[in-house]
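Structure first, then comments.
Every chain is named by a letter (A, B and C) in the order it is written, and numbering of its residues begins at 1.
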Amino acid sequence: MACKLFSSKRKSLERNTGAGYLFLAPALLFYSLFFIYPVIFSFIVSTKRWNMLVPLSRARNVGFSEYSYLLKDEMFLGVLTNTLIYALLTVSLTITIALILAVLINGAKLSVLWRFIYFAPVVTPQVAIGTIWGYLYRPNNGLLNSILRLFGMKPVYWLTDPNVALFSIIATAVWAGIGGSMLIITAGLKNIPQDYYDAAKIDGAGPFRQFFYITVPLLSPTLLFLTATGFIGAWQVFDLPFTMGRNAPARSVMTVSWYVYETAFQSLRMGRASAGAFLLFCIIFVFTLLILWIFKRGGIKGYE
Amino acid sequence: MRKSLVLLLVAVLSLVGISGLAKTKLIFAVHWSDYQVEGVKDEKENITVKGLRQYVEEYQKSNPDVEIEIQSVPFDDYLKRILISHTSGVIADVYVLYSLWGVQLVDSGILDQVPKDIVDKIKSNFVRAAVDGATIDKAIWGVPVEVDNYALIYNKKLLQEAGFNQPPKTWDELVAMAPKLTKKNPDGTIAQYGFAFLSGWDSAVVHPYLALLHSNGGKMFTDDFTECLLTSKEAVEALEAELKLFKNGATDPAASVWNFPAGKVAMMIMAPWYETSLKLGFKDQYEETVGVAPIPYLKKPATAGYTWFIAVDAASKNKKAAWDFIRWMTLQDAGGFTRMGELMAKNIGAIPPNKTDINYFKGELDDLYTSVFVKELENTYQEPNVAQGQEIKTILMREIIEAWNGRKTAEKALSDAKVQIDKILAEFYK
Amino acid sequence: MNKKVTKIFLEILRYTIIVFGAFWMILPFFWLFSASLMTPQELLSDTPRWLPERPQWGNYLQVLKRVPIFTYYKNSVIVATSVTVLVILTSSMAGFAFAKLRFRGRRILFSFVLSTMMFPVFIFLIPVYYLMKLFGWLNSYLSLIVPFAVSGYGIFLLRQFVMTIPDELLDSARLDGAKEFRIYSTIILPLIKPALATLAILTFIGQWNSFLWPLIVTSNAQKLITLPVGISRLSLAFSTTETQHLILTALVYQVVPMVILFLYLQRYYVKGFVLSGFSNL
């Protein structure tokens, strides 16, 4: 019996190997040029002191000292913590809110309109987003503080108070991210066969039961995707903190990518910046494996 | 088929080669914007103020064997772009560079030595602050094209409302006046700032501090750059002088100088390039509202400055042609002035560092705004051209902001900065 | 009866949430349009303005005069469309392989694809620029297109969607003797249309708004300048007050085509795809 199972598995393996590689060929060819080469290059750079102005061959070899420097650097560790907080909050809030809204909008009247409106932040240029949220977050006559004032609460320095700034940026990030996630969830919802819901209705299941027993489980491949790519992206976040957090004490809002960017192109320490990028890669890699493992333990098929 | 393709290729390549021989091509990299490169046009598309393009065309006309291509990249990404293409050997022949970047470029052998006749002219014809800016390790590495410094900008109307007819002369006067120019909301937030510090990027925060540091008789480094002097008494006092304005409630870390045109800021420290924005913001109220004065001093008048200079890449294949163009653009007399001086004074709105130009363009420079900056040139201390200048400046900025937020005392912030900066200096100066 | 009241209550709650959220989402978008019609003074004013006193339609003409916006459009359309087509093609092929074909090294290769997303973009700038120089592509669209032709994000997304297609459906096609390529083109692609539309929108927008790489590449090939890079040339070094209103107007020029694209691709969601026919296979 076991033998038979084994052989049938072998057979299906063999049957597809050629086709599999054929379908992957364009991607693999691309990655060998535009990923493997740059990564090897950057790894070599990370063991050197290179200011990008002298030829790399003349740069001094420093071994792994930039790695150990970073792991002992207070700034880098602080920046890692900020990024971890940012990633955890942004991803969990964005997906939860996007899921609820996508379900509410799916099948609602004027759903095309709503979907477009929620997607608007994705197409709105950074400048407009920055300006508006700047208005909202103003300490003096900003909208948020005006609301707080109505309730007799103390005004908050949303973008300059070191204890608050990171969370203000997270709020904006969630706001900006909902649309994209909603779009993907909606595409997933369209893949759920309608007769599952019909059957549930016949059994007398209300909207909440339908949501938890049909929608969420059947969306799991989509949710896995959003969680994994959400974290991968959030760990590398750059734009929003960089543009919104400029007046906050940097230690309270700086992220790893920002640190890498600044080290590379302002301090001209490409070696240290590359080392930072590799450390970030290791963290994201382990973190992603962890997420896939959690999803798998939760019985969700997605990564096998 | 293949053969003919090869033949065609050879023909094309040789054509390119011939035309390449016939014309010397210079690539000119600048960080200027569209207006500054293309010129300002009126409704009918006529040029009202010349931009760099028009000068280049003029030069090409009189030198038909030279072709100049302008490559402009906005300031934020300018250095990055130079670095990235440079690593692949894609270079510009002529660059306009920020003085602080100069040290790394010179140390890495990127810049060509300046011909002797040009050096002599710079030494005799340019203002001291600009010469300092283009000087790295005791040699001059390019022709200064723009010099910037800082002054106090104040809102005359707001000062008059509070009963002041004169701007403050000393920092103590400023500290005393500022709270009276401040209005608060019932909840304690500031509705009108007595004073606002420039912030948002490293120079914005650090330059005004350097002005106070020099005003207090201090400096940032020893002359040989082996030690950072930020823990000196003068340096700590200079930062404490800033903090007084936070303590007496005249400003806070959320202050924004960009609210000055809205009449919500009474005093600020600003650079020459803000003039056009103020004119736009106040329109016909400009003259009666905007006042400019030297930065109120601690012990002696002083302000901080920085320079942009024009230089040639050492790897350029046409160094001679490049320097010829630079001579024509920045040094040659075009009728009592230089062309670069004209571009700066009329189009870019910056102070030309050439003394002849400063005299010639009195009309443009002697208005209520720029005249103070020009006068202050003699009190201007160029920010030091130190290795890793940008990294050091960022460190100092962070520590100053910590102090502004009350998370560190002036002394703690500056000694924290010194520890980090000394570590960097030890790498480069032994 | 009671049940009906609950239902009505739930519906009211539903629309309240949708409308409330929609208000916050559309705010900056609305402001952008409004601000594009303002004077510089109105933009400088201390109290935020939501509507211009007198709409400055002239702003739109001025932008046309200042920058060759149609050249930028052309370049952006060429680049964004090419990248989108390439990404859709490579992602769906690889996604299909990872989801439905069994072959040695599949899991390792998939982890590899995921790992390509895990490095900050900044470390790629120098080596990829070097490759472009090496290939002689610095003066051509290829330097703006090829480095983005494959997307780990796209592969992962489409793999997740292909996985939801029942194996039985493919196996029955295989019994019919359909070759893998025919399965891919006649079964898989039509079934994942909503996902393809999503990926197309996201890829197109990403490219349409892409700034840093086009800026670096086009700085010595000005004829290739794309929309965001062209618009950035309107701004000054530090203070953007003089041209702020024109920048915002130019951004409207940038946003409108994406709105049209989005509304066009929406129809793939409206129809959607109903798998019900296969659930009892």
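Note that a contact is a pair of C-beta atoms (placed from the backbone, for glycine too) under 8 Å apart; a residue touches a chain by one contact, two chains touch by 3 or more.
These figures come from a predicted structure and were not determined experimentally.
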item: Contact graph of the chains (line, ring, star, complete, other); value: complete
item: Greatest separation from chain C - chain, by CA centre; value: B
item: Between the pairs B-C and A-C, the one where more C-beta pairs touch; value: A-C
item: Distance from chain C to chain B - Cα centre to Cα centre, in angstrom; value: 38
item: Euclidean distance of C-alpha centroids - chain A vs chain C, Å; value: 16
item: Contacts with two or more other chains, residues of chain B listed in rising order; value: 80, 84, 87
item: Chain A: positions in contact with at least two other chains; value: 52, 141, 265
item: Per-residue overlap in chain C, given as positions that touch at least 2 other chains; value: 46, 126
item: In the complex with chain B, residue positions of chain A that touch it; value: 51-54, 56, 139-141, 145, 149, 154-155, 157, 159-160, 162, 246-247, 249-251, 262, 265-269
item: Of all residues in chain A, those that touch chain C in their complex; value: 12-13, 15-17, 19-21, 23-24, 26-28, 30-31, 33-35, 37-39, 41-42, 45, 52, 100-101, 104-105, 108, 111-112, 114-125, 127-129, 131-133, 135, 141, 175, 178-180, 183-184, 186-196, 207, 221-222, 224-225, 228-229, 232-233, 235-236, 238, 256-257, 260-261, 264-265, 270, 273-274, 277, 280-281, 284-285, 288, 301-302, 304
item: Residues on chain B engaged by chain C in the complex (per definition of touch); value: 27, 29, 31-35, 41, 45, 69, 71-75, 77, 80-81, 84-85, 87-90, 259, 261-264, 271, 273-274, 276-277, 280-281, 283
item: Interfacial residue positions of chain B with respect to chain A in the complex; value: 79-80, 83-84, 86-87, 104-105, 108-110, 185, 187-191, 199-201, 252-254, 388, 390-391, 394, 398, 401-402, 405, 407
item: Sites on chain C touched by chain A in the complex; value: 10, 14-15, 17-18, 21-22, 24-29, 31-32, 35, 46-48, 89-90, 93-94, 96-98, 101-104, 106-107, 109, 112-124, 126-128, 131, 146-147, 149-150, 153, 155-157, 160-161, 163-164, 180-181, 184, 194-195, 197-198, 201-202, 205, 209, 247-248, 251, 254-255, 258-259, 262-263, 266, 269-270, 272-276, 278-279
